[in-house]
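Scrolling down, you'll hit the structures one after another.
Shared between the two complexes below is chain A, which pairs with chain B and chain C, respectively.
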Partner chain A sequence: MIENFSAPTRRDLLSLIGKVGGGAALYQAMTALGHATESQFTGPPKLTGARPGASVLVLGGGLAGMSAAYELTKAGYKVQVLEFQGRAGGRNYTLHGGDTVTEIGSTQKVGFAPGNYLNPGPWRIPYHHRTVLHYCKQLGVELEPFSQINHNALVHHKNAFGGKPQHFRDMMVDFKGHVSELLGKALNAGALDQQVTAEDKEKLLEAMREWGVLDKNMTYSKSMAVADQRGYERAPGGGVNGAPIPNDPASLSDMLSGKVWQQMGFYAEYVMQTTMFQPKGGMDQIGKAFFKHVGKLVRLNTKVTKVTQDDKGVTATWQDAVTGAVGESKADFMVCTIPATVLNQLDIQLSPEKKAAIRALPYGNSVKIGLEMKRRFWETDYAIYGGHSFTDQAISLISYPSAGFFKEGPAVLLGAYPFGAGAYQLAGMTPEKRIEAALAQGSVFHPAEYRAEFLSGASVAWSRMPWILGCCATWTEESRAAHYQNLVSMENRIVLAGEHCSYYGCWQEGALLSSLDAVTRLHQRALAA
Partner chain B sequence: MISRISRNFLKPGNKNENGMGKKTRIAALALAGITFAGAATLSSPGFAQDRPGPGAEAVQVSDEGKEVYETICQACHMADAKGGGESGAMIPALAGNKNLADKDYPTIILLKGRGGMPWFTDILTKQQIASVITYVRGHFNDYHDPVTVADIDRVGSANPPVPECNTCGH
Partner chain C sequence: MIENFSAPTRRDLLSLIGKVGGGAALYQAMTALGHATESQFTGPPKLTGARPGASVLVLGGGLAGMSAAYELTKAGYKVQVLEFQGRAGGRNYTLHGGDTVTEIGSTQKVGFAPGNYLNPGPWRIPYHHRTVLHYCKQLGVELEPFSQINHNALVHHKNAFGGKPQHFRDMMVDFKGHVSELLGKALNAGALDQQVTAEDKEKLLEAMREWGVLDKNMTYSKSMAVADQRGYERAPGGGVNGAPIPNDPASLSDMLSGKVWQQMGFYAEYVMQTTMFQPKGGMDQIGKAFFKHVGKLVRLNTKVTKVTQDDKGVTATWQDAVTGAVGESKADFMVCTIPATVLNQLDIQLSPEKKAAIRALPYGNSVKIGLEMKRRFWETDYAIYGGHSFTDQAISLISYPSAGFFKEGPAVLLGAYPFGAGAYQLAGMTPEKRIEAALAQGSVFHPAEYRAEFLSGASVAWSRMPWILGCCATWTEESRAAHYQNLVSMENRIVLAGEHCSYYGCWQEGALLSSLDAVTRLHQRALAA
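The block that comes next holds the complex of A and B.
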């Protein structure tokens, strides 16, 4: 009986707030108590009480489409999903050995060893993408840590340090050291006396001395204290030669040429912060888990050619890509998750405003290249375990696998992941030339091993993927203001969903949040009809 | 209509690293709503997009039309400029494309994008845009009057609407 008199736990309190104030109040309270973060996820919608026999047609079997089918089925709707490809998942996609990559203009066979893979699309899940994490937990997708920041990984600029890659750690320590020394000098010279009180000046000087690891003269220079952050010429050891020897910091000018603030800024971004996760075995585990639940509702190889709607319902005309058979699917309502690049070519009955919104959404391009190496030389020879090495060449970065540390045998590196000019350059090449470019450029990091240990490669150029013709939607402030609400509004019986219908573009979190919002509004509309 | 490229208008820090000289940069700033960024990636890609991080700055795009085509355009339009895909998900052919008879037509699309194709003012300089349009019109079609930076400036100042996209992909 005593527990009846104890103070409510935080969980009890939140449950009470949720009951009394609803989801919004619960979310606010959770935020105040330090639980929820900025993904707008407050738990899956509790949709119940669909009218008997009510039906929904979902176009597209990616995460947006399958999560819509999952939640709508739970609410009692009769759901059918039409998917263009011979597999569900959309951009939730992993290449394994034996898979075939079909691009416009080329076909590749993936030769990776069993267990090795490349995630050509999404590959990392930040801790605050609570919708993705929710479904992973609910559907039993096992997650493991994704190694994001790695202090021992490398940064390469053609025009810095003679083109020799530097450890991120060294450059970062040098950056704060030199900047601290300069700010300290400015403060001590009285250059900031107008801006800073005497008391704050003292605190700032202390901060610069400690943060920058400056010496008693407020100088950033070679010392054991600096080496304790930057690393050593000779690391601490045991016995007679146990004493460590510090190494030499870079000069201010060299440090500046390395532009390490770019990496520091990148890792400081909200979506790039740790902890990050990845599904064990490949990102496609999420799509496969959804498919286990809704797969029986999905019609694969089905190309939608026309969509009409009237007061009674929606009709999609389609053709089976395998048999050539033509058919129609009808339902009361529709969730359309076809990407804008393809949707803007579809004969679909929508208002001029919504069509204008669909046409105002160009897609960025990206390329990923997987390189299978005979052994994990980055671990054995470089002590690099996961994380990314950056370069200003077209490949932009290489990324080391976050799983299978210390394993013998072949492993797959991400050999390129650019957007922008680098992505166009690689996408325009044949698959063979892409691999050659990735090997040539990636060799700056591991010159002795990169070609010698190479086994096989596979690449995906999103601009040439025939079912999407791009990577993900590119919004601007102007296009958001002019078109976003028109794009996401429910128009009679049709609502659009997908990452392009969210403020979390290019992330699975956006696709799922958009889908949950779409099905919630669809359900309200269906009950009001 | 709201121009999608106006977001770059006089944005400080849009330093040109692709070789556009001081004079042309001033001319670019004079254009209504159009500046050319030298950054190698699309700027403002949207909120919090997954991205590689610090970009491929050392990727040099040549001023030669042929090389611009091969390092940028053929990523979608293919090496033979015949585009590709199947009906309903097409990348338009640039070879034998009658729309290119009007040289302002491709210029508008490169400045503003259309349908799934982005604008290229973030990646290419005006000289590169002029060169590649000249190349595509002359090499893959039979239109041999060159497109110049002055043409790009003229179209940019006029700020015309993007041509209708009912036949995007065809």
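The block that comes next holds the complex of A and C.
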């Protein structure tokens, strides 16, 4: 309107481009303006104009399924969601006191105190997972910071430092000190004069001196300057005895035995970088928030046994797990978010190519173990607030809670979080034996407290959860090249969605982005029909 | 008691050692058990048995003065605190909407919205500042995480990348990539065979390959593996267009121009490491919590003009800044926490050696500028949640709030925080011109939003604050060697305290540790008298 004219802000411009050109154009524009390359998310799809009476059946009530239901309902579709479990959310899952964990072959009752929890599935949200962040904001899920890098947490290798855990900070400072000294020596000896210009050489030497905290002889050695990074034999204080005493850096060989570059590399991963978040009260707050909106569309305890499709629509045959009743649900289209591990076993009318893709998709395994301790000894006795201590034992790491810092009373540690071999090892144990293994292995970090303060534990071995039989999709480059497009293509009236149908496998962001892409294509197909 | 006998826990043991042997013995024991080397703090001093009627006069109602009053009162002393300002807390100070900032030569009214604030003094608490954390817990000050390392924040150098700010993550990944490639080349060329054993050489090559994300030729170059750390030209997504596109690493020369090792070194400093905290609602919550306990002992608006001591006691002559009334306060002993910059000008009965120490003590300068913006564009448009963006301009850095993530409405950025030259430059400007400089310089990071979203600003130039005339003590090695012990020694009935009397200059931890040391010695002296 002319009377309200003012120069459009960048936000106005982007909003306009989004409305006119859609998501892809908006993404291009944002990228050109220097924004948003951190995510493909440019806002939820603005689906409108579903034909009156058009319907969609969604299989699976995890985040992919519920977000599909949420957006399709907004577009005007009649939606029904069929969910195998007695709860919605899928791997968006939190164990609270009183909950029951049912694996193949075992049942556990969770004994945590009120307010304490374990997120056995997703547990942290990177700053660039804009789709997850969008829905948290839209659905009113309150987020709090998740502590990722903790310099005072520990690193343990059985064959390093006599098996004694080291502070990450000490190892990191020693790593950069030794690397700097060696590169400085090579530069000064002229060994890299073919690779590096004289000007860059000077800058590199300055960088090595400063970053490595080298002395005037370009040596990494005990000094107050080094102690000001790696900490002290005696910390600085006040008054007459305030003078600090530096401690001894590790030798090159000792430092190398600790392999701290593995942790340094871990923290450098795009999906592991800071700032991170978690929902207050548990990751399941996201699933619960979706359920508030679409819960009335969800049929729980519903095991789908057969899926057919023809020119008119889709039909899912199912059995109610509680009553045993058998039924059918019909719709014009279907979004199927059942994990490939389970979908693989379902009688579903899809092409051989898509079935091959479902069969070929590899799933990783992991185990999480929660250990409730009487008190936060890691905070009071070790000054460790959040973050992770790593080990080369089967448990892989222990992680300290990011919520409730400084609180009295019991708190839950993540006592194990392995992928691969360690996960299969722990998954093969009974829940009781897993706890025992977690206590035995985690004791390397906190020997005096770990068993003494232990109250109760709970675990989830994803390969033994009947509704998923694995943790999440771990595409290889080869399987991706051979099968990914076959998996995600819409086949007549059925489209698949979920983290396995994304390039963010194992992340909620992947489940949501996949779902938004699927419903957008479904909508285009429906309008074209 | 025998009937309740059980094996003592480590905590029981430490508590016993503390009771029997005092703080020093406890510290030794804790160190031997692998704890607590991160701090000299072993719990507050357990001072008891002050002689009936014994009194202490405390000059200065900052954290050093109020903690002295708090502990001395518990020990049984009669305490009075004289404070120059109309508020207690000293540099433990937060600007809220409606506050007035009075510098030499200017007055500002703070216009921030309710709940928004700027901490012009201390603003973050490292995990190892156990004394600050102790009092926060004891006094009920609620803490929340302070976001320190933010991989998605920006780094700007006027002469790097054509003046275009870079993401810290990109620069950091490029730095380790190029350093790894060069050290790998030097190692493979045999240039370090004199310095490194064959076994360590193999491990170093493995470290360089993994940490640097080098390809099979030990080269740092564009790849999906590198993009999985530094981010993408197009981020991973879901469905048919999910495939990510890697972006281009910077060349060695470009990377070096950005000097990212300065930020990497900054984050490695012991006092800058994660996990960090801040009090909810502003750093002044700590001062206010102390004031709740000792406020009735504090005489505000009281300018001390003269201090004498003799064999019987100490006398401070003062003038009330509001009424103009003149008075005297007497006590057996004195803890003087007046900053050296001001103490230097006071007529006080101390030895030439102590006066020389007071005169010799150098103080740093700094300026902080708060900028209230209409909305959190750094979060919504840049995915920057907390942390700092650095620049080589006078403002030195801007910092994004750690509180209120995702909230709608106005929020306060720290728009400048220089020490040294930049601080003197900004301190020399009127408050209005400082804001203009902060907007002009900070715009390099957020050019479209910085001025458009600006609401109001406030600043503190510490060299112009009449009650401190500088920011904090910045001892040199030489001045420390010549004067430190002379400064902190108890002289007859007077002992000095404050961050300047510690090896944690410029930190609240130093003020508190110094105060605890001072009152412990004062108590010993009083009992011996």
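The rule is short, and it goes like this: the second predicted complex is superposed on the first by the 505 of 529 C-alpha atoms of A that agree within 3 Å, B and C clash if a C-alpha of one lies under 4 Å from a C-alpha of the other, contacts with A are read in each partner's own complex, and residues count from 1 in each chain.
Everything below uses one rule, namely that contacts are C-beta pairs under 8 Å (C-beta built on N, C-alpha and C of every residue); 3 or more make two chains touch, one makes a residue touch a chain.
A quick note: this is a predicted structure, and the numbers were derived from the prediction, not measured.
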Contacts of A:K109 with chain B and chain C, given as first, second, both or neither: neither
Partner chain(s) touched by A:K292 [first = chain B, second = chain C, both, neither]: neither
Touching partner for A:Y504 - first (chain B), second (chain C), both, neither: both
First, second, both or neither for A:E269, with chain B first and chain C second: both
Which superposed partner A:F406 touches (first chain B, second chain C, both, neither): second
Which superposed partner A:Q393 touches (first chain B, second chain C, both, neither): first
Contacts of A:H151 with chain B and chain C, given as first, second, both or neither: second
First (chain B), second (chain C), both or neither touched by A:L182: second
Partner touching more residues of chain A, whether chain B or chain C: C
Chain C-contacting residues of chain A that also contact chain B: 259, 262, 269-271, 503-504
Chain A-facing residues of chain C, complex: 9-11, 33, 35, 37-40, 127-128, 130, 133, 136-137, 143-145, 147, 149-152, 169, 172-173, 175-176, 179, 182-183, 185-187, 189, 191-192, 195-197, 199-200, 203-204, 207, 210-211, 213, 227-244, 247, 252-253, 256-257, 259, 261-262, 264-265, 268-271, 273-275, 277, 381-387, 402, 405-406, 448-449, 452, 484-485, 488-489, 497, 501-504, 510-518, 521
Partner chain B, residues of chain A touching it in the complex: 104-105, 122, 124, 157-159, 259, 262-263, 266, 269-272, 303, 305, 340-342, 344-346, 359-366, 388, 390-397, 417-428, 461, 463-464, 466-467, 469-470, 472-479, 481-482, 503-507
Touching residues (chain side chain B, partner chain A) in the complex: 1-4, 6-7, 39-42, 44-59, 61, 70-76, 78-79, 84-86, 88-91, 113-119, 122-123, 165, 168-169
